[in-house]
Structure formats: C-alpha cells, structure tokens
Amino acid sequence: MLDSPHSASLETLLLHHEIETFNTRYAAALDAQTLSDWVEMFTEDAFYVVLSRENAERNYPVGLIYCEGRAMIRDRAFALDKTAMFAPRYLRHLITNLSVTGTDADGVIHATANYLVTQVLLDRPDATLHQVGVYEDQFRRTAEGLKLKSRRCIYDNLLVDNALCIPV
Amino acid sequence: MLDSPHSASLETLLLHHEIETFNTRYAAALDAQTLSDWVEMFTEDAFYVVLSRENAERNYPVGLIYCEGRAMIRDRAFALDKTAMFAPRYLRHLITNLSVTGTDADGVIHATANYLVTQVLLDRPDATLHQVGVYEDQFRRTAEGLKLKSRRCIYDNLLVDNALCIPV
Amino acid sequence: MLDSPHSASLETLLLHHEIETFNTRYAAALDAQTLSDWVEMFTEDAFYVVLSRENAERNYPVGLIYCEGRAMIRDRAFALDKTAMFAPRYLRHLITNLSVTGTDADGVIHATANYLVTQVLLDRPDATLHQVGVYEDQFRRTAEGLKLKSRRCIYDNLLVDNALCIPV
C-alpha cells in the first residue's frame, strides 16, 4: 500500500483509468463491427437499453433497443451482422466526460460518460452526427475483468434516416 | 509523501484528473440545466465570457456573454431559466484535450480544454453542432473545492439560428 | 520505485497521460496553425500519412497525404502555410478514446486514438465535421521528449468541399 496522502486519490485515478480503458475497447469493438467482442463485454444477466432522453426523463422504459441478458444482446448483435450488409456504413464513437460516481455495497461501480457517434454512409462523402447522448452504467468485476451489468444509452437525438437500430 | 521518481508526475496526474472531474461536473450541470449548480462553480469575483475566436485573436473584449462576478453570472442563469421555456432544447457538452498549463505564484491554476456542444431542438430529429471552441481557464482552490476564477469560452462558430445566448 | 501493488498500473497511467498530453499539444499546434511546431513533433525519419478507411482496410497505401521523413512533412506544412491564405478557416481537434497498446523491443510505443476535426470557413456561420477518424501511432523517446515515428490518420469521411489537403 502507498503511505501517502494521495493514496485514496490514486485509487480513484486507477479506477477512472480502468473504466476509460473499458469504454475505449467498447467503442473500438462497435467501430470495427466486431460484435462478438462487444457482446462479451456484458455480464450474463446484463441489462442493455437504448432510449431517448425524453422517455428517460419521464421514466418511460420504452427504447429503441431493450435487452435483458446477454442472450438477447447476442441476438441483437447477430441480427445486425446480417442486415448490416444492406447498408454498409462507418461508425466512430467519441466517449468523453467520464464520471465514476461510486461503488455500492455489492461492489457494483456506477459511472456515466457522454458519447457522440458519427456515421458515414458509404455512398455519401460526409460524416453526420448519428447519435449524441450519455451512458448510465453499472460495472461488475468478474474473473475476466470488468463487465457491464447495465448500460443505458440515453440519446438526445436520432437521425430520421437511420433505419437500423444499431447498438451504441 | 511518495519517495519515487514519479512523485512529481503523480502530482501532475492528480491535478489533471481533478480539473477533468470539475469540467465533467460543469458540463453535467449545463446539460441537465441545473443552472444554480452551474453558478456555484464560479468564485464570487469570477470572470465569465463567451466570445468569438475572431474577437479573441484581435483582443476585442466584446462577447456574446460578458459577466464580471458571480452575481452577473447568476442573473444570466436565471434569465435563461425563464426564457428557455420558449425554446426547449437538449444540449450535450463533450470536453476534450485538457491541458493544465501551470500554477502561478498566487496558487491560481491555468488550464485549457476544447469543447463541442451539440444541440437538439425538440421539434427536430437531428443533433447539430451548436458551438465548438476552447475554454481558457483560471481555477482557484477554496474551502468548497476548485472554483473557476475565470473562464473564457472562445468559440470558432455560432449557429445563426440560435437566438439565445446560452452559457457553455 | 513504488513498492505497491499499483506500481505497474501507475506506470501505465503515467504513460497514458504522457501520450494524451502529446496529442493535446499536437492538436493545439494544428488548431493554432503553428505548423513549424507541428513539424517538430515528428522524428527525422517519421512516416505521416492521411488515408481513407476504405483504402486502409484494403491495404492500399494511397492517401490524401503521404510523407516519408520530416523534410517531406515540413514541405507539406509550408505549402499549406502559403495556400491557406486563400481559404482562411478555423479548425478544432477533439481527440478521445486513447489506447496505449504496447511497447515493442525497440522501445517504440504503439497507440491509437479517435479524432474529430471541425471546420469553420470564415464566410459561413456554422461549424461542420471536417474529418472523423483514428490515429494509428508509433512514438519514440528522444532527448527532446516523445516524438511521432509514425502517424497514420485513417479517416471515415472527407467533406467534398475541402480543396486543401490539410494535415490532421
């Protein structure tokens, strides 16, 4: 252990960095469309939902995507893998403003982060803002490292021309 | 104290993290429109200004927003609270590229960071770039933690359809 | 040395921070158009290329910009300095999702980061997404600090109205 006045802060820094690293890997998996890697970042009982800020603020659970458990998350990823052939696109996640808000009695770590996802359709030259929002997260430590027990992606907007419900 | 070659760097890291955390809270207050929290992030004598990069580079002090002291900042926030009813919107701040540039003899910490603010008007489905720029900051330590003694928000652009002078 | 279970992680943190700081300085040089500073961030034998994600994924080396060695990078910067007069613009880099992926036997540090560059043309009021992509980097330690031995800027998109090949 560190016998310094900064010990507590160092712990905080290391945890912050660990979650930042997780989010970077998460974004890379989605940007590279290696969705089987993406699925493995959730716990078996994970909750994954993508819903509008409007619904989130009114406590309406209805979302674009609603998955209870990794099996549903996997189904969603594979469905995308098939249909994505029809509309190839490039995505790019920028994740910022990470806040690790606390760890509860069960060891679950709570955090939030802002995200911005750009999209390029392969027949158009410009990037557009696909989705902007906030991740509301719960992480759990497992034998394989940190995993998401819950991620709620609450988006401010959604482009109308986006037919697919792409994970973010 | 840490007896290691990294002590100095660790101090640097901790300060960097502290300011990053401040900026994340700052952004969250504006994004959630909890403007009374936002006001409290400034010192009593704080300087807060939002001005164009063009004017900043020419040393013209004229800005969209110009506040000397927290009382003026509070007035601005309350004015917004009232008028915002007429044009509801969602904002989202992404703050990146933090640079802590130094601490002067009076203990004032100097830093900069880039920001990008997206805006969603509630009658339109897409997010647009509301403002992109740089924060030029001075922080002071107080009994209540870090506060902004000065924040100059220097924006590259401003959307013309933006009637309100929203704090960023 | 730190005799703590966190030593390894602290090393990781410090290296992460060092590269993040480098990227922040890099972005600041381009945003302020102090291109002579930008040039000095590369090693003498540096490789600098800007190419499309499409070409990168197919292993086509063809890019918008292709420089072998700092002399070519300097030529590119000076060419820009002259032609930029005809189309003044503001750029702003947001660099996120830094991942330090490893250090090889020669001490070369490998890293990636996502970038988003906004552009404001001075006769138009709005900011647009100029370029979104990923930096694939190799850093080398020199007597003057970290330098880029190789930076591949792989962009998802490019606005068609962009006549100049601006470094990113």
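Should a chain be cited, it is by its letter among A, B and C, assigned in written order, with residues numbered from 1 in that chain.
To be clear about the criterion, contacts are C-beta pairs under 8 Å (C-beta built on N, C-alpha and C of every residue); 3 or more make two chains touch, one makes a residue touch a chain.
What you see is a predicted model, and the numbers here were worked out from it, not measured in a lab.
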| item | value |
| --- | --- |
| Copies subunit C and subunit A - interface residue numbers shared by over half, same or different | different |
| Rotation angle superposing subunit A onto its copy subunit B by C-alpha atoms, nearest 5 degrees | 120 |
| CA centroid of subunit A to CA centroid of subunit C, Å | 26 |
| Residues of subunit C touching at least two other chains | 2, 10, 13, 94, 96, 116, 128-129 |
| Subunit C contact footprint on subunit A (complex, rising order) | 1-2, 10, 13-14, 17, 21, 23-25, 27-28, 31, 90, 92-96, 116, 118, 120, 122, 125-129 |
| Complex contacts: residues of subunit B adjacent to subunit C | 2, 4-6, 9-10, 12-13, 16, 53-54, 94, 96-99, 112, 114, 116, 128-129, 131-134, 156-160 |
